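In the two complexes that follow, chain A is the common piece, with chain B as its partner first and chain C second.
Coming up: the complex of A and B.
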C-alpha cells in the first residue's frame, strides 16, 4: 500500500436537542415495558408465554440467536478495516464494535429472561459441562463481550498494530461464538428438523446479513440526524455484501429444503410444516423469511438500488427476514411431534402444536432491542465513536 | 498504616485456620461418603420391561385412548406432579399406536427411557441432569436453571417443564419426593427416592407405577443381576427399543 491513511476524526455527538431526548425516551419506554413483562413472568411463571411441553423453545431462543448473530455481524463490519484492510470502512470500526458489545449483552439478557429459574443462573459459572455446547457458549459469550470491549479500547488508544491483532482475534472469536450458537440447534440429533450440519455455517452468514441489516439503517439515520456528511457509496458497498449473503442464504434454504424433503420419513412432515396453515410457520417462512429476502434482493437490483431509501428499506427487510429465519429454525421442529414409533401408521396423541408468542414475549425481545439502541444513543454521546465525516478517506485526503 | 490494628489478630487467625481446615475436612468427608455411595450404586443398573399386550388390555378396559390407568394416577400422586389439562405434566404418557387405520390399537406407556447415553445429560448446561452410577438419570432441582435444552434434546419427549407453581394444584404432597417450584424441569426418575429407600431396607425396590399396575405389565429390576426378572425376560423375549437408531440405548424396553 504505502499510502499514508489520513487520520479520521471521531467525535461525540452533542446530544442536547429535543429530538435526541425524545428518541432516548422512546427506547426507554420500550425497555420499561419489556422489564414489566419480564417481572410478570418472574412472578407468574412461564405460563404467560405461548410455550408448552411440546414447544419449550420459542421467541426467546430465536431472539438469542438473532442478537448474537447481529453482534457477530457488527463485529465483522467493524473489523473490515482492521482485518481486511478496507480502510474506507474505518469510519464504522468504533461504532460497530460498540454495537456488537451492546448486542451480546442483549443476547445474554435474552437467555436470562428465557430461563425458567433465573435464581439459579449463577450455576452457569459454577458447573461447567464439557459436552454441552450451550455450556461452552456461556463462557464464549461473556469472553466475547470482553474481547469487544478490549478491541474498542485499543481503538480509543489509537494503537494501530494492537487494534489489528485484536481485530483478527475478535473476528475469529465472533465466528467461534456464533458457530457455537448454531451448534446448539444443529447438533440436536433427536429432532430431524434441527439436525443439520448446515446450520452452523448458515448462522455465520445470517449473522453478517442481519448485522448489516441493522447497522446500515442505524448509520443512515444517525448521520442524517446528527447532520454529518456521508457518502452513500460506502453504504452501497455494505449493501452489496449484504446482498451476497442473502443470495447464499437463499441457496442454503433450497439445499436444506430439498434435503429435508428427500428422505421419505421427513418429507411429509417438512411439507406439512411449510405448507399447511395450521401453525403460523408457513406465513413466517414464505412471507417473512423467503419473501422479504427476495424483496430485498429485488430492491438491490432495481433502479432504486443506489438511493438512500432503497438501501434503507432493503437493509431493514433483511434484518426482519433473518429474525423470521431464526424463528423457523427453532419452532417448526418442535411443533411437529417426534416420530417415536417408526413403522406405525397411526399414532395418537399426534398434535401439531401451533406456537404463538404472547405480548410478554414480544415485549421482552423488543425491550432488549430497544436497550441496545438506548445504549447506542448514550454511547455516541459519551464516547467518541462516530466519525466527523462518513466519506471515503481518499476523498478526505484529496480535499485536504 | 495503622500498625497492629489493621493486622488480623492471632486468635482470629487461628480460628479462621481451624474453620478452614474443618471445612476442607468435612468437604473431604462428604466426598468420601459420595464415593462409597457410588460404589454401592454401581452394583445396580436399573431397567424396565413393559409388556405392551397387558398395557393394551388395561387401557382398553378403561375406555381406550385418553384413559388414566393407575400407573399414571399413582405416579403423579407420589411424585408431586400437578394435574393439568393444558400442559399435561404426567410423567407417563400413553400413546395409541396402530399398524394401519383399521388395525387393533396397541397402547404404549412412554416415560423417561433412562438412556445409557442420555441426550439430556449431554446438553445440560449446569450438570443439573446427570446419570447416577445405577443408570438413573435425575434432575437436581437446585442446579436446574430451567433453560429447557434437555427437553429439546430428549428424543422421547419425556421431560416436562413446570410452567406454573405446582403447589397450588397439588391436593396432597409427598414429602419424600421432590417438591418443585415453577421454572424447573422434571422427569420420571424411576421413583429414585423410593427405590433408594427400599434398597437400603433390603427390599426388592419397585417404582410406584410398577406397584400400582393391576395387570403386572411393568417389570423393574437390576440389569446387572442375571437372575433378576428383567434380565430373564430380556434373555427369553423379543423386545423393542424406541428410536434405537439414535444410539441413546434406553434401559426401558417394550415387549410385544
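Coming up: the complex of A and C.
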C-alpha cells in the first residue's frame, strides 16, 4: 500500500504572524504606488512615460514579455511531475501553477496599462483581424489563464488522470502562447533589428530560466519563513536546469550578435547598440544581460554552488538578467534606426532616439510584480498549495 | 465590426446546455443512489408515545409521515432551518457554545436577495415588462429613491452578505482551514457578477437599450444585429460572460445544493422507524447477514462474523484502539 507514490500533504499556511502581515503590507504598498502611477498616466497621458513616436514599446512591453515568460517557465516547473514524471517535483506542482496563473494576469495587466485605456483591449473582438498575431494573442493569453486555472482545480480535486492530461495540454499551450509572444517581435520582417527566427526559441529558453529564477528564491524564503522542512538538493536540481538554460542563452546571444552585427541592414545599429552609451541600452546589455548571467553562471560553478545563499543569489541574478534581456530585445529595435527600405538610400540621418523609462513605468511594472507576490502570499494562506515538507519523495517513503 | 462578437450570442446557449445536461445527470445520480439506512435526524418524540403531547413544531421536528417530512423540507429549503439550529458549530475552549447564527442571517439575506435580483432581471428578457417585475423593482428601490436610479436594496444587501460569506472563509481560522478552492471560486464569480452589475447601474451607467435588445434576441432565438453587438459596453460583456460561466459551472460545483438538498437522507425521511421497516436496497432479503457473507475488509484483511463482537472489532482496529487505550480512553476535542 502506498509503495509507488507517497501522498504529499499540501496544507495552508497559518499566516497570522507579524512578519506575514508586514510582507503583505509591503506588497500592497508597492501595488498602490503602481496603481497611483497608472492613475497619473491615465490623467496626464503618455507624456509621463519615456515613450515617444519612434519608441512606442518600452518598459511595459518588456515587462509583458517577462511576465509571460515567467508564467510559462513556472508552468513548465509545475508540469515536471505531471508530464515528465519527475515525481520529486510534485511538491511544486500546485504553487508553480498558481504562479503561472498570477503571472499571466500580471502580463495582461502590463498590456492593459500600456494600452492606456483598458477598454481598448476589447478591440481585438470588435475589429477581429485573423491575420494579426495580436488578435491571436488576445485569445492565447486569456485561454492560457483559463487552462492554468482548470489545471489548478484538477490538482486540487486530486484527479490524477485529468491532471496529467491537462498538464500535457497546458505545457503545449504555454509553449504556444510564449512562441506567439516571441513571434510578435521575431516576425517583424520589416525591421531587421527585430527579425530573427531565433527569437521564438530564445523566448522559451529564457522563459524557463526566468521562471526558475523567480521560483527558487521564492520557495527558499517561503519554506524558511513558514518553518517547513525543505531539501536543498531539490533546489539544486532546479538550479542546474536553470544553469543549462543560461548557457544556451549565452550561446544564442553570441550567434544572434554576430548575425545582427554582420547583416548590412542592422550592422551599424547593432554596433551602436553595444558600444555607444547614448542610451541605457549598452549598460543594460553588458552589465545586466551578459554580466549578470556570467556572474550567475560563475556562482553556479563555484564551490558555493550547493549552498543556500549561492543558489538564492544565482537565481535572483538570472531573474534580473532575463528582464534585461527582454529590455534589450524590445527597446533597441525601435530606439535605433533601421533600414526601412533595404537596398535604397534613405535620406534620413542616422540618429538614435533615446528612451529612458520614467518612474511611473517602473512603478507600474514593480506594482504588477508586487501584485503577483501579494496574490501568492494570500494564495498560500487560503489555498492548500504548499507542501508540508519539500523533501525528496524517496526519503518520505523511507521515513514512513 | 466583426463577426467574432457573435461569440457572446452563442455563449448563453452553450452555458445553458451544459447547465441542463449537467443538472439532470447529477440529479439522476442522486436519485439512483441507494439509501441503506434510515437516518432521519430528529430531536423530538415519536407519536407512538401517546401520552406525550405533540405540537406542530414537534411534528416538524420529528415527522412521522411523509407529509410532515415534506413540511420539514419546506422549512429547510425556504428558511434554512438546519443552519439556524446549528449553534454548536463553534465550541470555545471552555466548552461554551458560540452563537454562529449570523451565518444563517447572511445566508438567508444572500439567497433571497439573489432571488429578487434574478426576478428583477426579467425586465431585460420580457417586452412588455410584466407588472409584478415592475412592482418588485419599485418595492426594492423604495428606500433608495434619494439617488437616480433608485438604490436597490437587494443589490446592496447581496454585496454585504457576500462580503460576510467570503470574509468568513478568509478571516476565520477554522473556516479558512476547511475551505476548498472551489468554494472561493464560486464566491469569486458571484463577486465579479455583483460588482460589475452594481458598477453598470450606479457608476458607469451603460446604455441599456442595446442590452435589452441583446437579451431579447437571446430569448427569441433571433441573432442580434451587428449594431447591437458593437454597442454593448465592455463592462456588460464582463458581467454577461461571468454569468454564463457561472451557469455552466453550477453542475460541477456546490451550488448544486439547490437540488441536492431534496436528496439529503437526514432531511427527507420521516421518522417512522418503528412503524415501517426500512429495507436496505443493497441487501433486500438476506438469508445470511452481509457481515457473515462478505465480511468487512480493514487494511487488506477481511473479517467475517455473524455479529460484530468486541474481539473482532478490536482485531480490526488494533492500532488505533491501542493508541486510545494508551491515553486511558480519554478523547479530547481538537484545539483550534
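Here is the rule we go by: the second predicted complex is superposed on the first by the 382 of 400 C-alpha atoms of A that agree within 3 Å, B and C clash if a C-alpha of one lies under 4 Å from a C-alpha of the other, contacts with A are read in each partner's own complex, and residues count from 1 in each chain.
To be clear about the criterion, a residue touches a chain if its C-beta (ideal position, glycine included) is under 8 Å from a C-beta of that chain, and two chains touch if they have at least 3 such contacts.
Keep in mind that this is a model prediction, so the values were computed, not measured.
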| said: Just to be sure I read the superposition right, which of the two partners does A:261 touch: chain B = first, chain C = second, or both, or neither? | reply: neither
| query | Where does A:57 make contact in the superposed view: on chain B (first), on chain C (second), on both, or on neither? | reply | first
| note | Between chain B and chain C, more residues of chain A are touched by B
| said: With both complexes superposed on chain A, which partner does A:201 reach: first (chain B), second (chain C), both or neither? | reply: neither
| request: Quick one: classify A:127 as touching chain B (first), chain C (second), both or neither. | output: both
| Intersection of the chain A residues that touch chain B with those that touch chain C | 126-129
| In the complex, chain B residues that touch chain A | 65, 86-89, 93, 95-101, 103, 108, 110, 119, 121-128, 142-149, 151-157, 159-165, 181-185, 242-243, 246
| request: Under the touch definition given earlier, write down the residues of chain C that touch chain A in their complex. | output: 1-5, 7, 169-170, 173, 176-177, 179-182, 184-185, 230, 234, 237, 300
| query | For chain A, which residues are in contact with chain C within the complex? | reply | 1, 12, 16, 119, 122, 125-129, 152-153, 156-157, 381-383
| remark: Given the complex, residues on chain A that touch chain B span 44-47, 49, 51-54, 56-57, 111, 114-118, 120-121, 123-124, 126-129, 131-135, 138, 184, 188-191, 194, 334, 337-338, 340-342, 344-349
